[in-house]
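Let me begin by presenting the structure, written as structure tokens, before commenting on it.
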Amino acid sequence: MAAAACGGGDDASTTTEASAGASSAPAAAQAKVGLAYDIGGRGDGSFNDAAAAGLDKAVSELKVEKKELEATAGETDAQKEERLRLLASGGYNPVIAVGFAYSAPVAKVAAEFPDVKFAIVDDDAAKGDNITNLMFAEEQGSFLVGVAAALKSEKGNVGFVGGVDVPLIHKFEAGFEAGAKAVKPDIKLQSKYLTQPPDFSGFGDPAKGKTAAQGMYDAGADVVYQAAGGSGAGVFEAAKAAKATAIGVDSDQAALPAYADFKDVIITSMIKKVDVAVFDFLQSYSTGAVKAGPAIYDLKAGGVDYSTTGGKVDDIKSKIDEYKQKIINGEITVPTS
Amino acid sequence: MNGFVDRLLGRVRLGGWLGVAAPVIAVVFAVLITSGVLLVAGKDPIEAFTTLADYGTQPRSMAMILNTGVMYYISALAVAVGFRMNLFNIGVDGQYRLAAVVAAAVGGAAVVPGVLNIVLVVVSAVVVGALWAAIAGLLRVYRGVSEVISTIMLNAIATGLGAWLVSEHFGVLTGNDLGTRPIPDDAHMPGIPLIAGTPVLVNGFIVVAVLLGIAYWLVLNRTRFGFELRATGKSETAAVASGVSVKKMIVVTMVMSGAVAGLIGMPELLGASYKYSNNFPAGLGFTGIAIALLGRNNPVGMAVGALLWSFLENSSNQLQLLDISKEIVQIMQGVIVLSVIIAYELVHRYRIVAEQRRVSRELAAPAEPPKAEAAV
Amino acid sequence: MKILYGMQRPDEGEIRVEGTPVGFRTPADAIAAGIGMVHQHFMLADNLTVLENVVLGSEPRRGGLALDFAAARKKIKEISDAYGLGVRPDVPVEDLGVGDRQRVEILKVLYRGARILILDEPTAVLVPHEVEELFDNLRGLVREGLTILFISHKLDEVLRVADEITVIRRGTTVATVGPKDVTSRKLAELMVGSELPSPETRESTVTDVVALSVRDLTVRTGDGRPVVENVSFDIHKGEVLGIAGVEGNGQAELVEAIMGMRPCEVGALTLGGADISHWSTLKRRAGGIGYIPEDRHRHGLLLESPLWENRILGHQTRRPNVKGPWIDRSGARADTRRIVEEYDVRTPGIDVDAATLSGGNQQKLIVGREMSGDPVLLIASHPTRGVDIGAQAAIWDHLRTARAAGLAVLLISADLDELIGLSDTLKVILRGRIVADVDPANATPEQLGSAMTGAGEGV
């Protein structure tokens, strides 16, 4: 199977631009899905993995074929374009790009392949008739866990650990802060980003996460929210050592086998349902109902949420849900930065 | 030990066919090792290498390889300038990133039109790279701080400073990406249709890279400055006794290395992305170190090394299509660098023995003139 | 010494320890045979304690991995008490004085089971009362049955501490004597060689024109101790000024100061009447100073560069090597061929690396190079050291010819034949000071030797 796909790829890549107009017609069933990861790829324990989960679900439920390609560190936009082009010209349709780093490449390659459907996660800058932008209201989900943190904090002191100091992660922080302050206006919030771009190691370095969180616990915080990808494990470790609590991100981390050791310290997680978004996109593709433009996954759409695994927020669940309803109603507008 | 480092950094020449033998042995060895790894992973090495060969010979891929290779080559040159005099400028990475940030902001401001803007961008990158590297040079000369340590630290500072400049001063938010204001269209470096059979243009900076390579060779091998630089690299004590001001050489060499480093980001900035954003390629300075080692600081050797590296890097997508992990590319790159080092060492030892034999044989001959004549 | 400690291998001959022939390939072999070495420069890690330094590399193990510091501490105490070394195991080495550090070095060697100790110039770094303590310790060790090999240039110390003295000159054993049978003066003669070289009968070429004038030159070490003190002399055109002295008495520093390679305090330093005290090394060289360095491998050559590039070294601002900022390859290569020809450098060509030549041929290349470009002054440090007889004679000839042509030469050497044979004027340096002027025409090696070693002082 792979060899056949490869053969196809060879043919097409020699005549890429020429064949762009006459690409394969979208087939309702047996779609060949191409997925391009950001740095870290499958197994990063974070949002690349979430995308992978959505794809896997589609493979088993929608019977699609898949091909996954990973990015290498320090690559240029041209190399990202080439990755997408390789998938598109190899007969993969639809093509999903994971991460805002693919913004410019998706815009460019989508224009070259008008008959191929593209989706990009976390980016609304790439626009085109065949581009679906899978956008999440991270700030809304973060608001809810901010509420939970403020309610659970006995010392009135909470922390936020961001992986890399980029605008996307600022949304997590802004929502968290707004949520915490909504409950306790005088709450103390400590905030720390592990690395500065273009050093993206902050998304995959548990040691850095641990040091940062330790500092916060030492300085009086008793709940720390992490939006730090693979570095999050370090935050949980620090929480365990300090006999304090932490809040997970992206998936329901208290329920993940990889974090089984820490399930006692994870009171809740801000769930960002990249898997749902990816699966939805593939499902709508298989029914021929793909819509271009932004698909907003917010609280209302169930694209973000908070988790209750472990029952640690059961006592305050009604309060959190109150805020949730207010956001959905539009009574509360959560800031994004 | 010192001799080994000298050979490692190519300050020792290998002449004639021996100079070619080492890299050939190394590549063959690397192919063997990689095949072994592939077999262990349950993949077919022949299929993998056929795919690679096939990929590498297509015009489109060749253009891609040249485009990334240009950046790698400039980076290797920047590193090699320091290597030739025993200065380990590990800070090329920070130097080019900071230079790119400032240059991108200058270009985006578009204070002058067209070609002038290109020149302005390039000059500011060179100046920023040179100044940033000069810090390490001055620290070494006046405070005795090893440039290895200071440049590594300056890399971290450059990251922070660059991020601060982008987020606080130059940054414009596009979607979730933060970057400098794009450089206007009239100041884009035009591409060159160098490879027939593909619409992909080769980055115009390839001309700059070639010129830099020639300049590197000329300055180091044909000028008094280059002689003093190489002499300092080979023996600092002999250089001092010969009247070379080692302090001055350290600062000047660091500045030159940093100036070249400033250019690393230019092909991407002026030829592809037109702005510095969170997605700007990072880590090219470290790639440069590997390539300088691979090419043994020789301008042609480094060009070959840069293209080989770029070829492997670009082919990772093809391998992934065969369900071969992209990490195999990193293994291959690592093995090639290691085997080049080992192969050069072996060939070098062979050469020393051979040359000493030759010298003693030729000197022994005149001592016994009748025999020598008989032999001729 | 390096051979005994296994750092180098002998070409021929045999080493016997307690009657058994041994062959050392590494210092570990030597240690296993009970030979330990205390280096002139201490090899201690400052931030570790005495105990840690001593066990470093031969840590006592307990149960496989754990370090047994208690056992080590006990053993160190035992050794220290047995030999009266008075070493405290738990003090960081950085808090110790020089004498204490030396005792730690000695203990380190004993800890490894050495029965034969090699001490390389152990007193060089010590002040007088520390020397006394060291000697007391050494006598204690000998009483306990250990053998000590004490290497020193200082005759009085050797006479005081040794039971038997072997004099080595130019790598050959000259004599083995007992300290009771020799005087310091006699020992000095043995060291420098008593055979009188045939003095060159030749007319003096010394002129009235001063080429180099040095007044009150002082060089200090980093800690302010003077290694060259108030040295003054003039060298005239056509004159060879010899500086005699046992190595390590400031000659190297003096030369480096004159070359501008080392900072110094100087009353006046003129070359051909021009004040050069603020000139860079390069300017001094361009101004007409040729320099044959003491250590040709470190200072004279780029070993892994071809001969023609070595021709440029130190002359990189001058024709025929450069044209403006550019290296003149053909000019430099042609001139290298000239040197190879004129100075009889035995080489298959000018493209081989300097490292492949023998020492004598390397030296001839350096002499040829430094004689190029009509120097006003030549500084020749040990110009014939490690050079075969033929090359030696050739180098002497070249120096004499140049002197006759008006070259001023500053000759530094430990070789009395060379000094007496070549010099027009001879000065003796001891502990950084000029202590005697000797007329080479009438000098006897005995006089010179006494002055050089300080044995003649106060007599």
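Going in written order, the chains are labelled A, B and C, and every chain counts its residues from 1.
Quick note on the criterion: contacts are C-beta pairs under 8 Å (C-beta built on N, C-alpha and C of every residue); 3 or more make two chains touch, one makes a residue touch a chain.
Computed from a predicted model, the values in this text were never measured in an experiment.
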Quiz item: Considering only which chains touch which, how would you classify the arrangement: line, ring, star, complete or other?
Solution: line
Self-check item: Innermost chain by mean C-alpha position
Solution: B
Quiz item: Where the CA atoms of chain A average out and where those of chain C average out, how many Å apart are those spots?
Solution: 70
Quiz prompt | Distance between chain centroids, defined by C-alpha means - chain A, chain B (Å) | solution = 36
Self-check item: Distance between chain centroids, defined by C-alpha means - chain B, chain C (Å)
Solution: 42
Self-check item: Residues of chain B defined as touching chain A within the complex
Solution: 47, 51, 54, 58, 60, 64, 67-68, 71, 97, 159-160, 162-164, 166-167, 173-178, 199, 268, 272-273, 278-284, 287, 313-314, 316-318, 320-323, 326, 329
Quiz item: If you look only at chain A, which of its residues touch chain B in the complex?
Solution: 2-3, 5-6, 9-10, 13-14, 16-17, 67-70, 72-79, 82-83, 86, 90, 100-101, 103-104, 122-126, 165-168, 195-200
Quiz item: Can you list the residues on chain C that touch chain B in the complex?
Solution: 259-261, 280-286, 291, 293, 298-305, 309, 312-317, 322, 325-327, 329, 346-348, 352-353, 356-357
Self-check item: Footprint of chain C on chain B - complex, ascending
Solution: 3, 6, 11-12, 221-228, 230-231, 234-235, 237-238, 240-245, 355-356, 358-359, 362-363
